[in-house]
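Take a look at the structures below.
Across the two complexes that follow, chain A remains constant while its partner is chain B and subsequently chain C.
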Partner chain A sequence: MGLSDRILNIPIPVVSFLMILTIALPMVTPIGLPIKIGSMTKAGYDIILGLSEGSVVLMSYGVSPAGVTEVGTGAKALVYHVLSEGHKLILVGPAVDNPMFVEKDIPPIANMLNKQYGIDWVHLGYYAGVEMGLAAILSDISSVYTTDHRGNKLQDLPLMQEVKGAADIDLHICVTFSADMPSQLARQVAAPYGIPIILLCDGVTGTIATPYYPTQIQSIMMSMRGSAEYELLIKRPAEATGGMDSISLSYLYLTLLLVITNIATFYKRGEKKEER
Partner chain B sequence: MAIDAYEILAVVFAMAILSWTFKPNPVHRIVESLYVGFNAGYLLVTNMRTAYFSGIQPLATNVILMIPLILGILMYARLSKKYAYVSNYPIAFLTAIGLAVATRSIIQADVVEQIKSTAIPLIVPTSGLETLGNIVIAISVVSSIFYFTYATEHTGAKGILAKIGIAMMMVGFGANAANILLSRSARTITMLGYIMVPSGIYVVPIMIVIIALSIYAEKKGYI
Partner chain C sequence: MSVTVKRLIPVAIVFIIGFYMIFVSYIVVPPALTDVSKQLTSWGPIITALSMGFGYIILMRTHGRRTIRLQKGEWLYSLTIVVTALVYPVLYLTVGPASAIYKLAYEHVNQTIGASIYAIVLFALTGAMYKAFRARTLNGFLLLISGLIVMLWVAPIGEVIWAGFPVLGAWILDFPSKGAFRGMVMASAFGALAIAYRTLIGVEGGHVAGVEE
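== the complex of A and B ==
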């Protein structure tokens, strides 16, 4: 077996082990590679800064077990920024497992900033129907929710006295790892109501969302990279910023693999031609 | 040092799931089944809760909710072979509403706004980079659309345009693939974060031994 054959037949467990090693090493000994803040992330930061104090932000907190690894830390950074700027926050979730993450992530942030439940922020919980549900919330919140996630009646929550539908919402933040969401946001939030949108999503959804930027979706933060950029913008580096060294090193490793295997493939093709 | 049971559980589960990378094994399968079971239970409870709070509880003040409630119950007709056809009615109802909600602004969102985004000035005197970007957008949109135009044969200049179109699409697919890698790396980082905790020093070696033993036992036919 020649060198090209050996390269092309590296066992998958070896490739995986080296990948895990390249990710784990910077976690033990951080390298501190620089992070450049992209314009798509900066746009979201500027939108939140530009809102007048007390503006109402509807946040679709689409963090669930499958997506927490990519968007969880960025979602917390966004919540921190919204609440610290004195805006009101309404949290909803398009998937059944979103509410448990809201209840785990948001109260510590709200307590840290002395924000009161019902006045500064409200958790309405899960809504069924994804796109239809979102359309119904924007049309009339009380048609979807009669109580919040904790069982309080909407009429007992001061914040919900001021907010009835899209006309009272100044910004929509959508955290998602669903590839269908960007087009749904364009159809149900941007086109009918013209509400600005900030999207925090996984890498795959980010590519699908890009054609909607910046006319319909004003800011896109992709995966851990977007989260890290946002953490730096609000000057609160956390898990995402810490993980960027691993991301950069794993990219380097994958690029190296791509180059080596491509060279080996071309070399092997040349060998076969010579044999003929 | 206080023992954190949640932390230990996270290490055990993360190790079991990661072990699949090297070889599918019984420990991985147990944890996978546990996850599916927990999730199914959670989904059931949350959905029942939603149905109660948004459908059953407000029924006293809003009788019209009886209609979606009945339609929802009819969905379960699918469980019976004899009456399975009854579930087609609520499905038809849902499909119709879904289509109507989606299409009411599809022209504005996916056609008008997309054309507006593409109709940008080719030359931006203040920024060379923006000029280059706008030219690339214009060329890639025209050539990619032309590639999917089958009314004319792609020969000569038209063939070159179609080839540029496919090349532009390949660049797009490449960017997508790179973003997928970004996603997967991010997921691995957090997964490793579950393992790289103080209790991991003890739990990881134990889990490695357990996983290795399970692979051996399965190979020998003991389990």
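== the complex of A and C ==
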């Protein structure tokens, strides 16, 4: 068996084990490679900075068990930035998993910044119908929610007495793992109401969202990279910044794997031609 | 119930409500008409919630039957679904979502399984890339090269290897990728418009599927 055959016949468990190593090693011994801030992430940071104090931000907190590693930490960074700038935050969730993450992630941040529930932030909980649900919320919040996630009546929450629908919302932040979401945001948020949108999403959804940038969606933060960039922008490096070393090594490993296997295939094809 | 009633009534409902919503969206109308459209929009989440409830009943009926009949090779999985689908709502309704026991059941079961499955996908992808991603044609070669450049653009190590990776990666995303996606979005939007129009006038019968003419 020649070298090219050996390269092309590495057992999959070995390939997978090496992948585990490339992810795990930087966690034990961090490399600390520099991370450059992208323009799409910086745009989101500037939008939040540019809002006048007390602006209302509607955040669709689409963090789920599958996406928590990739976008969870970026979502927390965005919440921190919004609340620390003195803006009001309304959290909703298009999937049944989302409220659990809101209740786990947001209270510690709000407490750290001395923000009061009901005045500075409100958690309305899950809404059904994804696109239709979002359209209904923007049209009239009370048509979807009569109580918040904790069972309080909306009229008893000071923040919700001021916010009735799209006219009272200054910014929409959407955290999502759904590739359908960018077009839904363009249809239901940007086109009818012209509300600025910040999208934090996985890499696949980010690529699908680029046609809408910067006209309909003003900022796209893609995957863990976008989260890490945002953590650095607000000067609070956390899990995403730490995870970028793992991304670096694992991507480098994948690149090498692809280059070597393709060279081996090319070489083997040449050998076969010669034999003929 | 006759086929005419089964087909005509749904088509008529879609026609009237569809054109009404289009009318209200594009033409300035009295507030009373806008209020009706808002009311109709709010039905969306309600209908979705109802369909979820309906799906729950079907799920329980199907898997409940399999469990009771001890269907070979199926019943254990069905039992798992039935128990899970019962435990979470019961916990939610009795102790509430904020309780420690519900959080424990959610975070240590659902969340862990979800994250694990997503993590496993990485290894499946790595294996698939290793076995199948070969530049056999010019198109395949271009796909491979652009994929590698974008990967090294996302990873900070790419810039350490060569400063051109971020520039090339951003260019690929900004021009070829964005341009191609915009074309696809426009094409699918025109397609969706055509299907919507056909549905509104009753030519497209997807929503009344199963009802013969």
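The working rule: the second predicted complex is superposed on the first by the 276 of 276 C-alpha atoms of A that agree within 3 Å, B and C clash if a C-alpha of one lies under 4 Å from a C-alpha of the other, contacts with A are read in each partner's own complex, and residues count from 1 in each chain.
One rule holds for everything that comes next: contacts are C-beta pairs under 8 Å (C-beta built on N, C-alpha and C of every residue); 3 or more make two chains touch, one makes a residue touch a chain.
A quick note: this is a predicted structure, and the numbers were derived from the prediction, not measured.
Once the two complexes are overlaid on the shared chain, A:34 sits against chain C while remaining clear of chain B.
By the document's definition of touching, of the two partners only chain C reaches A:10; chain B does not. In the superposition on chain A, A:135 contacts both chain B and chain C. By the touch criterion defined above, A:24 reaches chain B but does not reach chain C.
Of the two partner chains, neither chain B nor chain C is touched by A:84.
By the touch criterion stated above, A:152 is placed in contact with neither chain B nor chain C. When the shared chain is aligned, chain B comes close enough to touch A:243, but chain C does not.
Common to the chain B-facing and chain C-facing surfaces of chain A are residues 12, 16, 19, 65, 68-69, 97, 99-100, 127-128, 131-132, 135, 144, 183, 192, 203, 207, 211, 222-223, 225, 247, 251, 254. Those residues of chain B that touch chain A in the complex are listed here as 18, 21-23, 39, 42-43, 46-47, 50, 53-54, 57-58, 97-98, 101-102, 104-106, 108-110, 113-114, 116-117, 172, 175-176, 178-183, 185-193, 196.
Taken in their complex, chain C has these residues touching chain A: 25, 38-39, 41-42, 44-49, 52, 97-98, 103, 106-107, 110-115, 117-119, 122-123, 126-127, 129-131, 133-135, 144, 147-148, 151-152, 154-161, 166, 170, 173-174, 177-178, 181-182, 185.
In the complex of the two chains, the chain A residues touching chain C come out as 10, 12, 15-16, 19, 33-36, 38, 64-69, 97, 99-100, 103-104, 127-133, 135-136, 139-140, 143-144, 149-150, 183, 192, 203, 207-208, 210-211, 213, 222-223, 225, 244-245, 247-249, 251-252, 254-255, 257-259, 261-262, 265-266.
Per the touch definition, chain A reaches chain B in the complex via residues 12-13, 16-17, 19-20, 23-24, 27-28, 65, 68-70, 72, 96-97, 99-100, 125-128, 131-132, 135, 144-147, 151, 183-184, 186-188, 190-192, 202-204, 206-207, 211-212, 215-216, 222-225, 239, 243, 246-247, 250-251, 254.
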